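Everything below concerns the one structure shown next.
Each chain carries a letter (A, B, C and D) given by its place in the written order, and its residues are counted from 1.
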Amino acid sequence: MSERLDNDQRAQLQALYADMAPEGLTPLWEVLSALVPKTPESPATVHRWRYSSARDYLLRAGDLISAEQAERRVLILENPGLQGLSSITPSLYAGLQMILPGEVAPCHRHSQCALRFVMEGSGAYTAVDGEKAVMERYDLVLTPGGQWHDHGNPTSQPMIWLDGLDIPTVRHFDAGFAEKLSESVHPETVPPGDTLARYGHNMRPMRGGTADRRPSHQPLFHYRFADWRPALETLAANAEIDPHLGHALEFLNPADGGPVMPTIAAHVRLLPSGFETRERRSSDGTIFVVVEGQGTALIGETSIALEHHDVLVVPSWRPLRLRADTKLVLFGFSDRASQEKLNLYKEELA
Amino acid sequence: MSERLDNDQRAQLQALYADMAPEGLTPLWEVLSALVPKTPESPATVHRWRYSSARDYLLRAGDLISAEQAERRVLILENPGLQGLSSITPSLYAGLQMILPGEVAPCHRHSQCALRFVMEGSGAYTAVDGEKAVMERYDLVLTPGGQWHDHGNPTSQPMIWLDGLDIPTVRHFDAGFAEKLSESVHPETVPPGDTLARYGHNMRPMRGGTADRRPSHQPLFHYRFADWRPALETLAANAEIDPHLGHALEFLNPADGGPVMPTIAAHVRLLPSGFETRERRSSDGTIFVVVEGQGTALIGETSIALEHHDVLVVPSWRPLRLRADTKLVLFGFSDRASQEKLNLYKEELA
Amino acid sequence: MSERLDNDQRAQLQALYADMAPEGLTPLWEVLSALVPKTPESPATVHRWRYSSARDYLLRAGDLISAEQAERRVLILENPGLQGLSSITPSLYAGLQMILPGEVAPCHRHSQCALRFVMEGSGAYTAVDGEKAVMERYDLVLTPGGQWHDHGNPTSQPMIWLDGLDIPTVRHFDAGFAEKLSESVHPETVPPGDTLARYGHNMRPMRGGTADRRPSHQPLFHYRFADWRPALETLAANAEIDPHLGHALEFLNPADGGPVMPTIAAHVRLLPSGFETRERRSSDGTIFVVVEGQGTALIGETSIALEHHDVLVVPSWRPLRLRADTKLVLFGFSDRASQEKLNLYKEELA
Amino acid sequence: MSERLDNDQRAQLQALYADMAPEGLTPLWEVLSALVPKTPESPATVHRWRYSSARDYLLRAGDLISAEQAERRVLILENPGLQGLSSITPSLYAGLQMILPGEVAPCHRHSQCALRFVMEGSGAYTAVDGEKAVMERYDLVLTPGGQWHDHGNPTSQPMIWLDGLDIPTVRHFDAGFAEKLSESVHPETVPPGDTLARYGHNMRPMRGGTADRRPSHQPLFHYRFADWRPALETLAANAEIDPHLGHALEFLNPADGGPVMPTIAAHVRLLPSGFETRERRSSDGTIFVVVEGQGTALIGETSIALEHHDVLVVPSWRPLRLRADTKLVLFGFSDRASQEKLNLYKEELA
């Protein structure tokens, strides 16, 4: 409200509020500035999860509950500002998932879109509609909304990856559907690598009267470290560095040249040793994973050390500088895909 | 979790949860089914606001606080299932706004998109970027995100309209920006009706080197009852009625042929006297306003009488039948625009 | 070729050309500069058709052949630079069609898209898929590719309109299909005005499980003078005039906010008395019709007087200035719709 | 015309035609059925160029004229039905280009889009905006409209490739612009392989305030045999064969998931030995190159043997069956990209 009210007016208003509350009527003017803030005021906080510590808890969970019992054995990275909401930002969920040798995480599908970024292990798989993506360290694997998926670990080592999902967004829109397959493991439909062969090289199958096996709007689900890491190195060797981002490559959906999934965008960055980005803020709260090296995140007055495999969340509109103490490689994802579609995305470059 | 745990396992898990909670780690398996429900389980409830009652409270508020004091004198239609959230569905906000003779609601702009649907009065205005839309009963007026807007009532009668905004969605994405103009009223930039003349007839201004005055992605902001009501009548006279919707027309953004705003879709419907729709449910919780006539909403076992000017909210995935006790004309809006962009929208027709 | 050849080399090349010609092989270097010109070198010429004269021939044709005999009684406006090609520009066709009282032009459909711009008469119709558009002077009526259409004149006066089609473009791509209906006149499917009521006001029918009667990508086919002329006047009253175009409004397809048809864009302009545009050239050869007033087209050294109802063609990349000797209102159409989709459109503003 | 005319009527019509011809007016009814044919009647014919023969002529040309003298040393594959038009179909141009050891084809750019499909040689380059694509056999290299390009052969062997351009289409729209660089060879802007590294793996550079070096709508220009051939083999191993196409992969523009260029679509196919496709016809006249094996094209009553490296053109709407006498691998390109944008594309599957 733009002006102060006298006591009498205030009392009469309170009486009005009390009278109408049972009818589902409340006064906008008491909350307007909170509902329509001048700049984003995220309830989420900046937070870093030490991978070493989280990993210990995950192994302890592995002793107590099986992947099949848990359906998904995941420790949620819950933002301290969003307690009870299972969210890392207001719109996104993240967790660390572990699957032990011989385990299977049973097949299900749901409206929620998920990405998996492999932290350690080699040779476990995510099967999407019955096609296995054999996962190697720092691979990005998608399970887009509505596609059947199960995970399995036929190796002799645990496999740990980061899950990133749009669970809070699907909840926000009351639009989530899920079902379990009657069997734990989806029957194999095609050998591993088939989709990557067909959609991974700027090509797509061409058919006469029939549709391709893969959904046309979301065919690809595997982006390999073996592909992206050399590409990032080439970019770093040839291109002028971006002062606000470092050398950065965004992952794309080949169906339309847009973000990997309708609600989530993902990218990787390389900062040469000693490089510090200029300050930047954007409306998409972002989750970072340290893939290589050590660095420091400078967010306003706060300075946060980043070690190997740490996970950092920077909520919307926090001014961020990243400093590479050694060569620093990061994976990041955010809801920028949603925000651009809804005409909400903004950024500010210092 | 798919299986029951024994007491010892349960105790050890609780110990694990307690240990890791301070580090922002929580177990997914305890909440998975709630996070990924089989079908939408909206916290919102079905609710109908009696217009006559809400109007009384609004007039009482008019005696206690001015439009300028309140910035916007609005009673929020807060869903009983979403107390404290100022939301009518998890993603949308609705309110009833009144502006009294001689009042001005001062000029501001914000990321949030708003629609106004006029309930009573004639001749007050919404000015968008300095161009007045003179509002008549049952007109639809938009103030798209980022566009300056103020309201004024130069007439001798109160003006009441329904506001529909995407406030919860902008909050969900932490992406809201707002500012007030230094003056209460935006200077007039062009006479009333200019935009409607230029964009209202399937045309747009064509210029050489310069952009049009209006934003190209969101130029139009006035959809008149004088246009839509006869169009709906013609549709009803000529077309076979849709068994699930009745005769329905959706309002469009002429820039792209899509919904009126990036986050909100709006439509009108006509049900002939005695007509009852077949059951339908959709993932977009919808707000309805009774424009003409009387009817009944049948939602599962619940039956809700609809009188003139009542507002009804039907959350996501509730099975709805609408019965027209007289010829029934409804205005409706929902977040279907967002859901389609994010690949979330679903509907089921009985 | 970048250098001159000596006689011997030339002779040997000629022998090579002769030897390989029967095998369908010819030397690029002899024609490269013609195939890839520095700027567009249209074979089309600037030409103006006097309406009064063309009209006389059309009436004479009306005495000699019936609309039904002719299938379409049309005088093609053939560009003097494109003799034998039935084209007004290399990509477009234009003609003047007349239908006499009581006549019918029988129902057919074809891949080619057509627009009709009414020159004189009132009350004849174009029926599209069995729905009549009752045509008034200066109305724009479309018969999009693939839609059945017939014309009839139940009035007591001749009706004359300009046809604009993409015949040369469909021929260029070898992609034309056509068929005649077994009956002369398509059975009436819906009363006149139905489509305009439903799609003419920034709305579209909304249905549950079924499609609308009209094709979703091309629903609208009638743009009325009664709508566009006042809109143009309002634009002229309120907007700063565009120095290269005058006051101009483009007609839009409500399905996507783009040009009226996939291959053809159309617009109207108003130039106040005494106004002269600055020089402009564009890669879309354009056909103009004088709707009101008198003016002069200045194309390089050439000056062409424009009288009421005259038709003028200005081929690609000719520098054009338009001078209004009285208030001048023009209708125009071109292949800009095609060129923009194929990434070919360019313009240059002096 | 639907009915015969008597002699007198005919004579009067002829007089009318003669009178109005000087004014650029001709009768539609005399040519309507030719202008609007029932099905495509391409002036182009089916034709096969024997590579061995064309290659001999090309080498002979190599003795007579240098690449620099010729600007481009190319034998046009001119369709016998389109003599004098330098076209292989009405909308496309094709030629065989040779560049000898040490030669350079000087740098220019033009509105026309070009693809290059390497027939023989290894190690010559096409430089696009100063970045070399080092060309290997059966690589596909693009020089999209408006991008600078030069070719050079630093190896000791001739290099021969097929050129495919949209020259007739740009001519059709009178929309061609071209210029030569002041130097023969564009200065190197970045090492070879940079663009492929950055855009070749479903990624794109992400920058803050500045644009990427490559044009966003058309960044990629190199599709390697080393990538597409194994992909095609994987498809053939795993997928059910398409009865009308064989195993087919279309090349994509990563910017939008559409065809490689705005006007041209390209693909590769594999037919197992002994496989014969079912009959299919489509409105896009298509050029095929035999990459591996031998086969037969069956077009209506005509049977055409296909040897290694032969080039075959099949005009619009000719019914085609392809028979693989050995394992047969083909490259193909057509104007389907244009036709789909203009809503013209059709196909019919037997």
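Basically, a residue touches a chain if its C-beta (ideal position, glycine included) is under 8 Å from a C-beta of that chain, and two chains touch if they have at least 3 such contacts.
Computed from a predicted model, the values in this text were never measured in an experiment.
Peer 1: Which chains contact both chain B and chain D?
Peer 2: A, C
Peer 1: Farthest chain from chain D, comparing Cα centres?
Peer 2: B
Peer 1: Using mean CA coordinates as chain centres, what's the chain C-chain D distance in Å?
Peer 2: Roughly 29 Å separates the two chain centres.
Peer 1: Rounded to the nearest whole Å, what is the centre-to-centre distance of chain A and chain D, using the mean of the C-alpha atoms as each centre?
Peer 2: The answer is 42 Å.
Peer 1: CA centre of chain A versus CA centre of chain C: separation in Å?
Peer 2: Going by mean C-alpha positions, chain A sits 51 Å from chain C.
Peer 1: So in the complex, which bits of chain D are touching chain C?
Peer 2: Touch list, chain D to chain C: 1-3, 5, 9, 12-13, 16, 19-20, 23-29, 31-32, 35-42, 44, 47, 49-50, 53-54, 57, 60-61, 64-65, 68-80, 86, 89-91, 93, 95, 106, 110-112, 145, 167-179, 217, 262-263, 283-285, 315-317, 335, 338-339, 341-346.
Peer 1: With touch defined as at the start, can you tell me which chain B residues reach chain C in the complex?
Peer 2: Listed in rising order, the residues of chain B that touch chain C are 190-191, 193-194, 197-210, 213, 220, 223, 227-228, 230-231, 234-235, 237-239, 242-245, 248-257, 267, 280, 347, 349.
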